[in-house]
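A, B and C label the chains in the order they appear, each numbered from 1.
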Amino acid sequence: MQLSSIDIAAACAAFSAIWLCGLSRLPSMCTVLAVQTLLLAAIAGMLGFTHHDVQYLVLAGVVLAVKAIAIPLFLVWTARRLAVHRDIGMYLHPSLVLFCGCIMLAVGFFLAPQLAARTLGNPGAAGMALTLLLIGMLVMITRRLALSQVIGFLVLENGVFLYGLTQSHGMPLIFEMGVIFDVLVGVMIAGLVIFRLNRSFEHIDVTALRGLRH
Amino acid sequence: MSCWLLQLINICIIPLLLMGVIRKTKALLQTRYGAPVLQPFYDLAKLLRKSETISGTASWVFIWSPRVGLMIAVLTAVCVPWAGLVLPEGWRGASNFLFVLYLLALGKFLTMLAAMDTGSAFGGLGASREATISLLVEPALVIGLGAFALQTGQMDLTAMYAAPASPIVAALVGCALIIAALAELSRMPVDDPTTHLELTMVHEAMILENSGRNLALIEYAGALRACLYFGLAAQTLLHVWPGFATLAFGWHYALSLGALFLLGIAVAVAEGILVKLKWRAVPNYLAFATALSLLAALVAAAQG
Amino acid sequence: MFLNELVLSMSLPEIPGGFAVWCDTALFVWLAVVLVGVLARRANGVVFPVLTALGSLFLLITATVGGNGDCTIPLPYYLGNAPLTFVFDPLSRWFLAIIAIIGCTTAFFAPGYLEHLRQRVALGFVWAGIALLFISMVGVVLAGNAIAFLVAWELMALSSFALVASDHTQQTVRRAALIYLGATRIGTAFLMAGFLWAHQLTGSWTFADWGLSGAVALGPALLILVGLATKAGSWPFHLWLPIAHPAAPAPVSAIMSGVMIKTAIYAMVRLYVVGDHLTAPALGPIILIFGAISALWGVLFALLQNDLKRLLAYSSIENIGIILMGIGIALIGKQQHLPYLAQIGLAAALFHSLNHALFKSLLFYGAGAIDMRTHLRDIEQLGGLIHRMPWTTASFVAGCAAICALPPMNGFASEWLLYQGFFALALHGPLAGVRLAALLLMGWLALIGGLAIACFVKVVGVAFLGAPRSKAAEHATEIPKTMLIAQGALVVCCIGLGIAVPTLLLPLDQLVRVSGEPQLLASAWSIPMPALVALAVGTLSVLTLALAHLARRQPARRFITWECGFGTLGPRTQYTATSFAQPISRLFSLVYRYVVDITVKGRNRHHFPSGVSADATHEPYLETRVYTPLARAILRVAGSLLLRLQAGSIHQYLLYMAAVLALLLWLGVRQ
C-alpha cells in the first residue's frame, strides 16, 4: 500500500481527533485541535505545491492563522476566563469515547473507497474526513460542557473542510474564506453565548438545560 | 553458544546498569549530583548481605514468591530478544509473545499473593491496584503485539523482530508499548517509585514488607522486567526504519542496546517532567495505549 | 423399571467390540449404587465410594481403549417410533473420559465431605443421585438419536435437581432448586422444539440422518442452541447457574460445574461441528459472540462475589464462554474452508472442556473443604487458612493458577490454542473487518485473563492468606487424607496436562481432523515446555541454594507486620475482598449499578467517628431492566389469562381434555 504524504497527514489529523476524544482537560483539547488544524493547513499547502496554485497557499495561510491559532487561543482564553478546566463527559467516560473514536476510524477506513471521488486521488483522505466528521459528532454528543461542544463542532468542520479540499478541486478561494470566517464568527458568538450562560447559571453544563423545560 | 553467553552477560549487567542510568539522568535533571551509575549493583550487594525480617503472618507464599518471580524474569529475559539477540532454533517457540506475557502474569500473580500474605493493609491495596493496572494493560499488549505479529504471520518474538515491518504499525505499537510499559513497571505517571507515601504507591506498597535478600531478588527481577519491556518497545520502534531488520549482527546489537538506553534516558526525562496521575485517571491513561494498539490492529488487518 | 430394561437390553450386544461390555459394567455398578442408595437412604457406607470409583474406572477403560461402534435398543411400540441408539466414537469417548475422571475423584472426595452433612441430608440418597447423574450423563454423551438424547437429558436434569435440593431443610436451597428446575424446563422446551423441527424437516430422529445445511437448518439449530446454552449457562441464559450450583453439596457442585454443563457443549460439538448435522452459516459468529460476552460477563461477576461457591459458579460461566468461543472459531473455520482454523478451534474447545472439568472440580473441592471445616462460604470471614489447611491451600492455589491460564498449567495450554485460533483467523480471515475482529478478540481474551487473575488473587489472598477474620477460620483444621488425595490427583492432572501438551494433542488430532486433511494440530504447540520447566527448576534450585548459603550467615527474623507504631494490628485492618474488587468494579459500571454506601456514625462524625461502615452493592442491568420486567409481564398475563382457564372446576378441566382429544383426532385423521 503506497501512501501519499497527503494521506499520511490526513491520517495524522484523524489520529489527533481520536486522541482528542480521550482528553478531559480543555486546554489540552484546544492544543490537539490546533495541531489537527495545522495538519489540514499543511495539506492545503501540499496541494498548492503539487497543483502550482497560489490559491491553495493563501487558503493554507488563512486556515493556519484563523483556525489553527486564533480560534484555539480564543477557546483557551474563554476557558480560563470561565475557570473551567475539565470535562469528564456524560454517558460515556472519555476513555470509552476514545475506543468509539477508534471505531469511527475503522468506519472511515473501510468506507473510504465508496466515499472517494473517482477522478481524484487520495481515497484515504476521504475516509479520514469522514472519521473527523463522525468524531466531531461523537465529541459533541458525549461532552458535558458547552465549550467542548464547540471544540467538537470544529472537529466536524475540519472533516468537511478536509473532504472538500481533497475530493474536489476545491471551492473557489472566496467561498472557502467565507466559510472560514463564518466559523470564526460562529465560534465568537458561541463564546458570547457561553459567557451569557455562565453569567445566568454560574456554569456551562449543557445537561442542565433540561431543567429549562419546567 | 556464543549467543547464549552474550544473552547471559546481558542479563547480568544491563538491567542494573539501565536502572543506574535512569537514576543518574533524573538526578542530573534535578540539578543534583546523584548516586554513581553503578549504585544499583552496590545496593544489590548490600541487600544480599543484610538479614531479612518476615512478618509473623507470612507463609511459604511470601518466601517463595520473590524467588519464583526472579526465576520467571530470568526465563523470559533469556527467551525474549529484547537486546536484539536471536536464540537457537529449538528455543524460539519459547519467545512466543503470549507465552511471555502469561509467564510474566504468573510472576505478577505470585507477587500479588505475597503482598496479601503478610496481612498488612498496604499489601492488599497495592495488589488490588496492580491487578487493575495489569488487566487494563494486557489487552493493549496483546492487541499491539498481535498486530505486529500479523505481518510475519508468526507469534514468536524472534521471528517477528527478524523481518521488516510496516513503519506505521511499528510506530503505533512502539508508542503503545511505551505507555503500557510505564504502567506495567510502576513508573511515572502511573506510580512514583520514589514516593514515601504508602497510600499513593502501587508496586512499592506490595513489596513494603520485603527486606534484605528477599527485596534484592525483587529489585533485580524488577530491573530485568524493565529491560524486557523497554527492550521490546525499543525493538519495535527501531522497526520504523525498514532497514533495521536486515542489518549486520554487530550493528543490530549495538543499535538495540543504544536504543534501550536512549529509551531509558527518555523515560527518566519524562519522569522529571510529568506529574503522577490521580489513581482514578490511570484507566484513562491506559486507554491511550489500547487505542494505539487498536489503530495498529486496524492498519495491520487492512494490509493483510 | 424402565431404566433397568434399558440397561439390560444394552447388555445384549450384537455388535462385536469391547466398548459395550465395559460401559455396561460401569452402568451396572452405578445402578447398584442407585439401588443401595435408595434402599439405605441415611447410610454413608464405604460401599458407595468404592462402587462409584469402580464404575468410573470401567468407564475410563471404555473411553480410552474401548474402541468405536454403536448399538441400538429397540423400544416397545408404546414408547415412541424410534429405537434408542447409542454411538461410541472419539468425540463421545473424550467426554466419557471427562466423566470418568471426575467420577474417580468424587469417590475420594465425597465420603469425607458428606459426613459433615449427616445431620441434615440423607446421604445414601445423595450417592444414589450422584450415580444416577453419572449414568444419565453417559447416556447423553452416547446418545445417537434425539429420543435417546432427550431421555438421558431429562434424567440428568431430574437427578441433578434432586441433588441440588438435597439440603432442602434450608429455604435458600429450596428456592435455588426450584429456579434450577424452571431453567431446565425452559431449556428442554427449546431443545424439544428444535428436535421436532429437525425431525419435521428430515423425517428421522437419528442425528446421523439429519445433514441439514443452509438457511433451512438455522431455525432448528437456533432453537436447539438456546436449549443447550441454557444448560451450559451461557450468557444471557445463565441466571440460574450461580444460584443453583452453590446450593448443592460441594462434590455435586463440582460434578455440575465441571461435567454436567459440558454435556451441552458435547451436544453442540456433535450437532454443529463434528457431525455436520445442522450447519448454518450464521451459527459460528453467533456462538462466538455469545461466548465472548459470557466469558467477560462471568469473570466480571465472579470478581464481584464474596460467596466462594457463587464466585466459582460465575467463573464456570466464564469458562463456558471460552469454550463457546472455540466452537465458534471452529464453525467459522469450517464455513470458510480453513481446516487449520476448524481443527484448532475445536481442539481448544474440547481441551478446555477437559481442563475446566479438572480445575473447577479442584476449586469446588477446596471450597467444600473450607465449608466443611469452617461452615463459611463468605470469604470476608476467612483468612489465614494457609497455616491451618496447608495442603488444601496449596492445591487451591494450583487450581487458581490453572483457571487463570498461567503457564505451565493446563488452562494455559487450552487458552493458548484458542489464541492460536484467533491469530489464524486474523491471518487468513476473508475480510479486513474479520481480521480486525479476530485481533480484537485476542485482546478481549487477554482482558478476561486479567480479570480472572484479579478475581482469583482476591479469593486466595483474602480467604487463605493473611490473618483469620473469624473464630471459625481460626480453628479450622486440615481435611482428611482421602479428600486430599482427590485434590492432589487433580493438581497432578492440571500440571501434567499443561506440560505434556503435544502428547495430548495426538488423540485430539484424530478427533478434530476430518479424514484426508493434513495433520495440522501437531504444529500448533511450539513451546518447548519440558525444557523450559527443566530450566526453571534449575534456576530456582540455584537461587534457593544461594539464598540458603546467605541465610546461614544472616538468618531471617520473624516479627510483627508493618503496623506504623500502633502495636499489633488486628485482622480487621486487612484489606477486604470488597475493597480489593472496588477499583475494577468501578471500571465496568456500564453493565451494572455499582454503589458503595459509606456511613459514618458518631456525634463528632468528621473528626472522631465512632464507627464507619461501607457497603458495596451491585445490580446487573440485565436482570433489573430485562428479566425482571419480563418476568412481571409473564406473571401479569398468567394472572389475568391463565387464571381464568384454571377455574378450579373439574368439569371444565374434563372439557379441556375432551377438546385436546378432539384436536388430536382431527390432526390424526387429516394425515
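Odds and ends about this structure:
One rule holds in what follows: a contact is a pair of C-beta atoms (placed from the backbone, for glycine too) under 8 Å apart; a residue touches a chain by one contact, two chains touch by 3 or more.
Treat the numbers as computed from the prediction; the structure is a model and nothing was measured.
Relative to the centroid of all protein Cα atoms, the closest per-chain Cα centroid is that of C. For the pairs A-C and A-B, the larger set of C-beta contacts lies at A-B.
Between chain A and chain B the centroid-to-centroid distance comes to 37 Å (mean Cα coordinates, whole Å).
Taking each chain's centre as the average of its CA atoms, chain A and chain C sit 51 Å apart. Residue positions of chain C touching 2 or more other chains: 432-433, 436. Of all residues in chain B, those touching 2 or more other chains are 283, 290, 294, 298, 302, listed in ascending order. The set of chain A residues touching two or more other chains comprises 96, 106.
Chain B meets chain C in the complex at residues 48-57, 59-61, 67-68, 70-72, 74-75, 78, 90-94, 96, 98-99, 101-103, 105-106, 108-109, 112-113, 115-125, 127-129, 131-132, 134-143, 146-147, 149-150, 153, 155-156, 208-209, 212-213, 217, 279, 283, 290, 293-294, 297-298, 300-302, 304. Residues 432-433, 436, 590 of chain C are the ones that touch chain A when the two sit in their complex.
Of all the residues in chain A, the ones that touch chain B in their complex are 1, 15, 18-19, 22, 24, 93-96, 98-99, 101-102, 105-106, 109. Those residues of chain C whose C-beta lies close enough to touch chain B in the complex are 383-384, 386-387, 397, 401, 404-407, 412, 416, 419-420, 423, 426-427, 429, 432-433, 435-436, 439-440, 442-447, 449-451, 453-454, 456-458, 460-462, 465-467, 526-528, 531-532, 535-536, 539-540, 543-544, 547, 550-551, 554-563, 569, 571, 573-576, 579-584, 587.
The residues of chain B lying in touch with chain A in their complex are 283-284, 286-288, 290-291, 294-295, 298, 302-303.
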